[in-house]
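Below, subunit A partners subunit B and then partners subunit C, in two separate complexes.
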Partner chain A sequence: MNAIALGGADFLREHLRARLTLALLVAIPALFVVASASVLGEFATALGGSVSGDSASALGAGWAAAFLAGALGFFQVSSSREADRRLALAGMGAARVAVARISASVALGVLISAVAFLTLLLSAGVTHPAHAFVAILIFALTYIGIGTLVGSFVSGALEGSLTVAFIFLIDAFSGPGMSDSGGIAQAMPTRKAADVLIDAGAGQGSPVGDWIAVGLIALGALALAAATFWLSARPRST
Partner chain B sequence: MVLRASGVEKSFHRGVPPRRRRIEVLRGASLEVGRGELVGLVGENGSGKSTLMKIVVGLLERDAGKVERDGKLGYCPQVPLLWEKLTVDEHFELFARAYELAADDAASASESLLGELQFERYRGYRIEELSGGTRQKLNLALALMHSPDLLLLDEPYSGFDWETYLRFWEMSERRRDEGMGILIVSHFLSERERLDRIYELRDGRCMEA
Partner chain C sequence: MNGRASTAIRMGFREQLRRPLLLVLLLALPFLFISWSFAITEPNPRLITLPGGELLLTTMRDIHGAIMVPITVGFLAGLVGLFVVQSALESDRRLVLAGYSPGEAIVPRLAVMVSATLVVLAVSLAVTTIDFVPDSWGPFVAGNLLAGLIYGLIGALAGAFVGRIGGAYLMFFLPMMDIGVAQNPMFFDGSPQGWATALPGYGPTRVLVDGAFSQSFDAVGPLAVALLWLVGLSVAVIVLLRRSLGGR
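And then the complex of A and B:
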């Protein structure tokens, strides 16, 4: 247990010691929530959607968390794959390395969500703060799963970042309120979390079914991330 | 014997169709390392030395063959596998946990290796702040800190200055004399006199030279 806690703390520390990461942790939520709320409304209108005002600000906070979590999830896998494998081989084992990595990822997700949520709270306010925070966290956890999955297939930093950004853009611009909500939009990973977040931004609650759905999606994303970390720390065949 | 590998085969598939091709790297490679033995593994670039080492260590799956190891394993990879933002001390702590060393033993082992390899003053430095040679010293120290029975070294001295290179051989010989089995991948035939036995990897097989 101590080895996992130490590993998780070290993996978390590794990300938080990067100055650029810390700067982006503040700058990206500010950009998405403060600067782009009105632009999002115009985009939504152009795409056939209707999101605007406080709902757009709330959605911006979710996307900021998703973008940061996806990028950090990707780098958690791609940047230290070989070193993690060495640590597993030294006796820590792939399962314990994976648990340490997922602990660090969840801690990063909570931190990212807290910063995005605070930015939203300070800039636009939110009527249902607890709902909004949980929905933002779901965005982050979902993208931790996506980022780590991309990291397992793509090793290059540029290619991986672009892949995460590409998925993010499709997800964001086909989400509820941003388009006519048909076709592919229904299958997007943050669809339900976006519904909850838009409701929270507009001062409304969400149906129980939506909460169950976002819970299952978050658990699925974390399971995916854990499996990815575990496979990355195991001996490889090629 | 602390290590016995027999009939190890490995091939890789590279490229995409129609240019996809199979590259056979190891075709039944076998080698042995006994306790208190310093064994070299030499071969041309691309002969499969690092591939064989990774299979023996357990980092890479083999297609066929058998690998038997006895006792604690220490592995020093060719390229330092470290975490850029963590300090030297944090690496020692992390690996001490992985090796399940008691706190006192871990502290004593890291102190001793920092002194032996002469990089004590860098213990609070992050990896990104270290020179290539100092990274390599840490890479080696992490493989040694739990006093393994079998030490596998994949060109461990790249980046070392001459004095550190000589010190590395003194350290290896002393550990060999204490009973450690050591397998070292090397490029230099000039090191032949330092080694008890040498395997040359040629056409995917190990020949005792």
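And then the complex of A and C:
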């Protein structure tokens, strides 16, 4: 357990070693929430969606957490593959490396979500703050899973970043309250989290079924990320 | 151009051609982003202000389609600029140690960045014409090209100053917020607010909006602003790369 905690703290320190990276992780969600708050309702109307007012602002906080977490998840895998394998071979073991990596990723996801949530709270106010925070965190966790999955298949930083951005934009544009299109939009990864977030922004609770769905999606994303980290760190037979 | 520089340029392009996924993404993403934007946007009426001050009634669908071109080009060029310069900072110092001048090492990187921008721009314009034809092609193309080049150079600087990961965070955010929100005639009163004129996307976006919706050219001021950004950023990137590669 000690090795996992130590590894997780080191991975966190590695990611935040550049002070500017930490500054960006705080500034970008805050700026995104403030800038998008005034326009998301209008944008949704243009797409034939129905989300407006505080619900639209809340959705912006979820998106801010999602796109940063996606990039974060991708770089956690792509930039650490070789180092993690050496750590595992040196005695830490692939499972402990994976748990330490996932702990660091979740800690960063909580940081991004907290900044987005606090900005939302201060700029627009939220009637159901606990619901809103959990929904924003689910956005982040879901995209950590997506980012790590992309990182496991795509090794190039440019290609991986573009793939994460592509998934995010399709997800965001087709989400609830935006174009509201059927078919593929129903299968988008943050659809249920967006439902919960929109409800929280509008001052309403969400049905139990939605909470079960977002819980399962978050668990699935974390399991996916953990499996990806484990596969990356696992020593290869020669 | 001497033989060493042309060899380096050839090798730079060969390196990119060995990345089939990158080529697929640079061709497919503009197509998907722009055609998807046209498909999902309602043709609601929208009053916008053109650079000459003229008010024009158009539709949200046309504006969204037109504005998705610089968002897409700026976003993709920004990420290309970021990672191309990161790659230069990691490996081109060896070329300089082996006898190349910093200029001979920098030119191939910039050539790759500009070429990627042109490819994305060409695909974006081709896709746009399926649903929307600008009133004046010249300013529309020029505005989009300027947006791509400016954001390519911003990506290059971001990579040098905040690193690969910080640069990626920044380039995910900046083109979307600048061109997609601050300069976007879909929002506010149909023209950029005062604070938006200080952002790099202001000049290119006003030029292309003029081209998209007007047959006369009234965006001389924004064009000059865009060119100033382009020259300033080009100088900054070249100085930075020369210093990083050991030049004087």
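Please note the rule applied: the second predicted complex is superposed on the first by the 233 of 238 C-alpha atoms of A that agree within 3 Å, B and C clash if a C-alpha of one lies under 4 Å from a C-alpha of the other, contacts with A are read in each partner's own complex, and residues count from 1 in each chain.
Here is the rule we go by: contacts are C-beta pairs under 8 Å (C-beta built on N, C-alpha and C of every residue); 3 or more make two chains touch, one makes a residue touch a chain.
In this text, all values refer to a predicted model and were calculated from it rather than measured experimentally.
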Subunit B versus subunit C as contact partner of A:122, first or second or both or neither: neither
Touching partner for A:161 - first (subunit B), second (subunit C), both, neither: second
Partner chain in contact with A:18 - subunit B first, subunit C second, else both or neither: both
Which of subunit B and subunit C A:223 touches, first, second, both or neither: neither
Greater subunit A contact set [subunit C / subunit B]: C
Partner chain in contact with A:170 - subunit B first, subunit C second, else both or neither: second
Which of subunit B and subunit C A:42 touches, first, second, both or neither: second
Which of subunit B and subunit C A:28 touches, first, second, both or neither: second
Subunit C-contacting residues of subunit A that also contact subunit B: 15, 18, 79
Residue ranges of subunit B touching subunit A (in the complex, touch as defined): 12-13, 57-61, 73, 75, 77, 79, 81-86, 90, 93-95, 97-100, 126, 142
Subunit A to subunit B touching residues, read off their complex: 2-3, 6-7, 10-11, 13-15, 17-18, 79-80, 82-83, 85-87, 89-92, 235-238
In the complex, subunit A residues that touch subunit C: 15, 18, 20-21, 24-25, 28, 31-32, 35-36, 38-39, 42-43, 45-48, 67-68, 71-72, 75, 79, 154, 156-159, 161-163, 165-166, 169-170, 173-174, 178-179, 181
Complex contact set, residues of subunit C against subunit A: 19, 21-22, 25-26, 29, 32-33, 36-37, 40-42, 44, 60, 64, 75-76, 79-80, 82-83, 86, 161-166, 168-173, 177, 181-182, 184, 186-188
